[in-house]
Amino acid sequence: MKVIYVVPGTGMGAQELERRRSILQSNSGKDVKVDIIESSEGPNSIESSYEEYLSIPETVLRVVDAQKKGYQGAILGCFGDPGIDAIREMVQIPVVGPGEASMLIAAMLGHKFSIVTILDNVIPSMEMHAKIIGIDSKLASIRSVNIPVLELAKDLESAKKKIIEESRNAKEHDGADTIILGCMSMAFLGVSNELQKTLGIPVINPAIVSLKILESLVICNLTHSKMAYPSPPKLNS
Amino acid sequence: MKVIYVVPGTGMGAQELERRRSILQSNSGKDVKVDIIESSEGPNSIESSYEEYLSIPETVLRVVDAQKKGYQGAILGCFGDPGIDAIREMVQIPVVGPGEASMLIAAMLGHKFSIVTILDNVIPSMEMHAKIIGIDSKLASIRSVNIPVLELAKDLESAKKKIIEESRNAKEHDGADTIILGCMSMAFLGVSNELQKTLGIPVINPAIVSLKILESLVICNLTHSKMAYPSPPKLNS
Amino acid sequence: MKVIYVVPGTGMGAQELERRRSILQSNSGKDVKVDIIESSEGPNSIESSYEEYLSIPETVLRVVDAQKKGYQGAILGCFGDPGIDAIREMVQIPVVGPGEASMLIAAMLGHKFSIVTILDNVIPSMEMHAKIIGIDSKLASIRSVNIPVLELAKDLESAKKKIIEESRNAKEHDGADTIILGCMSMAFLGVSNELQKTLGIPVINPAIVSLKILESLVICNLTHSKMAYPSPPKLNS
Amino acid sequence: MKVIYVVPGTGMGAQELERRRSILQSNSGKDVKVDIIESSEGPNSIESSYEEYLSIPETVLRVVDAQKKGYQGAILGCFGDPGIDAIREMVQIPVVGPGEASMLIAAMLGHKFSIVTILDNVIPSMEMHAKIIGIDSKLASIRSVNIPVLELAKDLESAKKKIIEESRNAKEHDGADTIILGCMSMAFLGVSNELQKTLGIPVINPAIVSLKILESLVICNLTHSKMAYPSPPKLNS
Amino acid sequence: MKVIYVVPGTGMGAQELERRRSILQSNSGKDVKVDIIESSEGPNSIESSYEEYLSIPETVLRVVDAQKKGYQGAILGCFGDPGIDAIREMVQIPVVGPGEASMLIAAMLGHKFSIVTILDNVIPSMEMHAKIIGIDSKLASIRSVNIPVLELAKDLESAKKKIIEESRNAKEHDGADTIILGCMSMAFLGVSNELQKTLGIPVINPAIVSLKILESLVICNLTHSKMAYPSPPKLNS
Amino acid sequence: MKVIYVVPGTGMGAQELERRRSILQSNSGKDVKVDIIESSEGPNSIESSYEEYLSIPETVLRVVDAQKKGYQGAILGCFGDPGIDAIREMVQIPVVGPGEASMLIAAMLGHKFSIVTILDNVIPSMEMHAKIIGIDSKLASIRSVNIPVLELAKDLESAKKKIIEESRNAKEHDGADTIILGCMSMAFLGVSNELQKTLGIPVINPAIVSLKILESLVICNLTHSKMAYPSPPKLNS
């Protein structure tokens, strides 16, 4: 099986791309080959609806291209799942959105989940996303560590401390029984296992969960419904 | 007051743009000047999520530019309100989405509204939009006439007939007490008054309703909340 | 255009009625004539469901009469919208309820609104009203200043201070991104613009918003659906 | 125990009042005395929101008076429960609304109930009432026999036939597992037991159910919460 | 009328069973005979979903047996209503669940109720139960006194103090206008009337309310719908 | 990895157990060993809530035992997920319920799913289960083929025909864009791929999906939250 992780943005650099790819590869099934690609246009990091939209047109083309090249599934590498509906309109292969996959898996592990994300200003659109997914009745809260994406890895200890603090707040004050790391750069920090041990409740790493869900869909011969995500009529000839 | 109607696409042609502008102008308040502009990039018509996304980046810039030029408000000229959250992040002037404005006014006129739109394939994303707006408990149904946007005006009689037929179906079979025309090209066909008379229930023309709501917001000194639509941090300097 | 603002109560006095009328008139469109009338029966102020009901029978007749006299629309001058369903059953002209109009416009400006009203004891019925309107999923909270209607104007500074305080509480503790003044006597205190500036989020004045929505409906040739508000059969001959 | 059934209207006639009282009395507990009273003002029958409102002011006073006279509880004798919130604001004794009691008991007997009522035009406000009660997620449908209240008893066989027909439609087409007779004049027709036998699913008679719930509340020493239905401040001295 | 209260567990002892029976009997209607029985298998107290399930198979048989013996109705003597759906599948007589009956009666007395129960760990399943009943929109909170069932009666004063404290917290911090005692051993402590007086809001005793609802159903000739609780096909011959 | 599929019933026979195990094994990851076990007590097939409850006590013990034996995860082999909350209370290893896993995966593939199951009488409890899972807003319908579990395999062609027919009805009449086979004996009929091809929309096989989700959870080091499914206090020593 050959799958691809598509970063909807630019400027990550070959080294970080390879670091992320190898983390995914090391969590993949035996016969699974994971590739990674970033977009050729779009923002360096996505911290607003506007930047989500900037990333989408080019990212759709990257997934269309991946399908042509024989990839059997794709992960949209941003927790906000920007443009996942458009991508699904344009391809037949399964496309996993880390936000969607994480929230639905969280619904399987408990009754109330919280998302710990980067900045306050992405919270409103993330709440809207939970509504679209249909699982907002189980969303306890969204909390932010107030660290921009590109700063997260610069001071890992401080980031980890803030993530633990807000996760604990979610557990103790918002009633969350499950935590989701709500940002892909957080997912690749390598903190989720330690966080889970510290808190004593499940912590979902959206990167690994997305990969395993994608592998599951491919093996189950499942992809999104074309009734739900119909091909654009004008482009469908 | 100076407001602008922004068409999120290209290729409409100066004549049709002027025709639409003059319809809006003739429904405007005494001291209101309505301008119209189309985008310099994007699809000829929007009939899918993908085409919505294609239209957004350039359209956001058009509204940012309009704000700089002193326009006091803008109408996003597509019923799906594509990228309205991003536009609101980037400007301070009120931005009216015809879908949002029509659904909320419909909620004032009755208990159950239906939307009659162009093509079946836009129905799923329109249902999601109603959820985001928060008024989906009053949405009776979305029905389509199955005529592409660019065909609507070519055979006006046939289009009108189909619109009446599906509106009547919504009233009789889905319990709709109010109808919304769910496409801006439908809105400018000039059929809503006749349709209202034929059906005996309110028919909302999203173009005119959006203009009047925009004028109302400007006079009331109201615009969207920056808590709900925060400025992107990286662009906010 | 000739519209009327109907106060569902008595004892306001000609001077205050004229003061309110002139505020509305000064916010109206160029060709709009605003009249005001109070009921000939009913309570001096409405601070309970019981007083709402006392006001309704006579108020319905005032609006029926206004329709006969050629008014093209009416505003029901109480934030609780008492008896708006009955009024709509009995007339064809559009009738705007300030509570309903304010909540639906609030839904256009943000994701979570709070209402700041007079007394704690009206909160339960106001919550029920939001459910009926169908927008309760966006209601963050209802808070009261605990000042009776007839006291509001007596100590304007103290009232203003309490309104600011509870609005700030709604913003900071309840997550409200938009505030609605939940009482018509509050609306006519002239504090909403200052409050908006102080808080940095939209503040809806139900009096002005209701007037602009009514003008919009009249110009759009829209009124409530008779399927939703059918004429009483026995009175319909 | 002494309880009272208050008819919120006029013109029923002493004979019919006594007939209804004796039906209630014969279903009451051993030590329960049931009285009946009609209002001194209000419509002959309630078939619209407007007529509901006409009945309320006087009916509230009848219940206030009943409390003074030592009645330990009251039934509001109209399925729409007109003004029950106001009555509860004004008295301490338990007040049962037949609509509310029937819907909540229906929720105990099955998963989906339908209401069979008199006329189509009361359906929208009955749907709103179910929302207020909080049990609308279990409401399958409201259907009407299209017979005015005052005609129901005139042709009993025809009325019964229509009630059976619409109840069966509710069961077969709307998935109702429980039926509520949605009008007090229907309740006193004496058809519910036969209807239950014919349909094979529970049929709730709102008159008898209301009486038994009221007796239960009195014996349990329960009445409505004054936090939910606070006394009007101006009248509270 | 002959009804039975079935304790879904074992080891209560004849004395406590008789004490509970006589409390029920003393609150029953004049011609009502109340019997009590405990199961022959199952846990000593139910403080988890697992223990609920342990109690069910034997308890279903106890109610089936009671129906055969001519009992006209049964109360399932545990607030979590364990297996009430299965019991209703297997019998025709009405079966009252104290949790269900209490929550639906609470919905009649106010707008927001809280449940005060024994241990934190039963809260998640109790929240699920409120969803099934369909009345979760009126559930303000569930709070626990953190005293195991079998300890409750050992230090009555301390238990009472904790119950008052958590009820007051529910009223003051969670907005509850009505309190439900969420455990049958609490119900039989004899504290509800005092608690109601202390708090000034209704306090529902699930034991007494269940008895009165059961008597009401029997007199109204009502039982659960067999469409909602169908007989198991294989056992239905 | 070593996982176990636990059949909550008896009498399936070694041959059928082995057939099912080998289907699971052939869909498992390279290093995954799948075992199967049936309960030593309980019904031959589960077609009612009552039979669900009969199966639970023994099944819980089977999973507790499996954990002791070193299994890293378990699948509860019945689509109704009977007693999954109790099992999760008693073990630390992840336990996948095929109903829950299928519905949450369906929510990832489309906007509206339908379940096609065995008999009409299991529909009400399956609807309740969707509510508990929190995804009922995406449930289009549940339809049955009206064939008892133990008859399904006896006339495979006829079963397949009925499954196709009801799935098509769900798609065409209920708006389902995704189908779930709602019974484990259906899942092992080997019809899902053909059905998916015939219908042109995704068809979820709960057996395979459950296995892949379980493998994913184990690899992600995730299990249910002990805050959501706390250990029973009395058994927790």
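Letters A, B, C, D, E and F mark the chains in the order given here, with residues in each chain numbered from 1 onward.
In this section, a contact is a pair of C-beta atoms (placed from the backbone, for glycine too) under 8 Å apart; a residue touches a chain by one contact, two chains touch by 3 or more.
Everything quoted here is computed from the prediction, not taken from an experiment.
S.K.: Identify, among C-D, A-B or B-C, the interface equivalent of A-F, where equivalent means over half of the contact pairs coincide by residue number.
M.R.: That interface is repeated by B-C.
S.K.: If you tally the C-beta contacts for D-E and for C-D, which one comes out higher?
M.R.: Result: the pair with more contacts is D-E.
S.K.: Through what angle, to the nearest 5 degrees, does subunit D rotate to match subunit F on its C-alpha atoms?
M.R.: Angle of the fitting rotation, subunit D to subunit F: 120 degrees.
S.K.: Between subunit E and subunit F, what is the gap in Å from one C-alpha centre to the other?
M.R.: 31
S.K.: With centres defined as the mean C-alpha position, give me the subunit B-subunit D separation in Å.
M.R.: The computed centroid separation for subunit B versus subunit D comes out at 44 Å.
S.K.: Spell out, as numbers or ranges, the residues of subunit C touching 2 or more other chains.
M.R.: 111, 124, 128, 177, 227-229
S.K.: Within the complex, which stretch of subunit B touches subunit C?
M.R.: 27, 29-31, 96, 100-101, 104-105, 107-112, 133-135, 137-138, 171, 177-178, 193, 196, 200-202, 204-205, 208-209, 212-213, 215-217, 219-229
S.K.: Show me the residue ranges of subunit D that touch subunit C in the complex, using the header's touch definition.
M.R.: Per the touch definition, subunit D meets subunit C at residues 43, 45, 47-54, 56-57, 60, 83, 85-86, 89-90, 119-121, 124-125, 128, 131-132, 148, 227-235.
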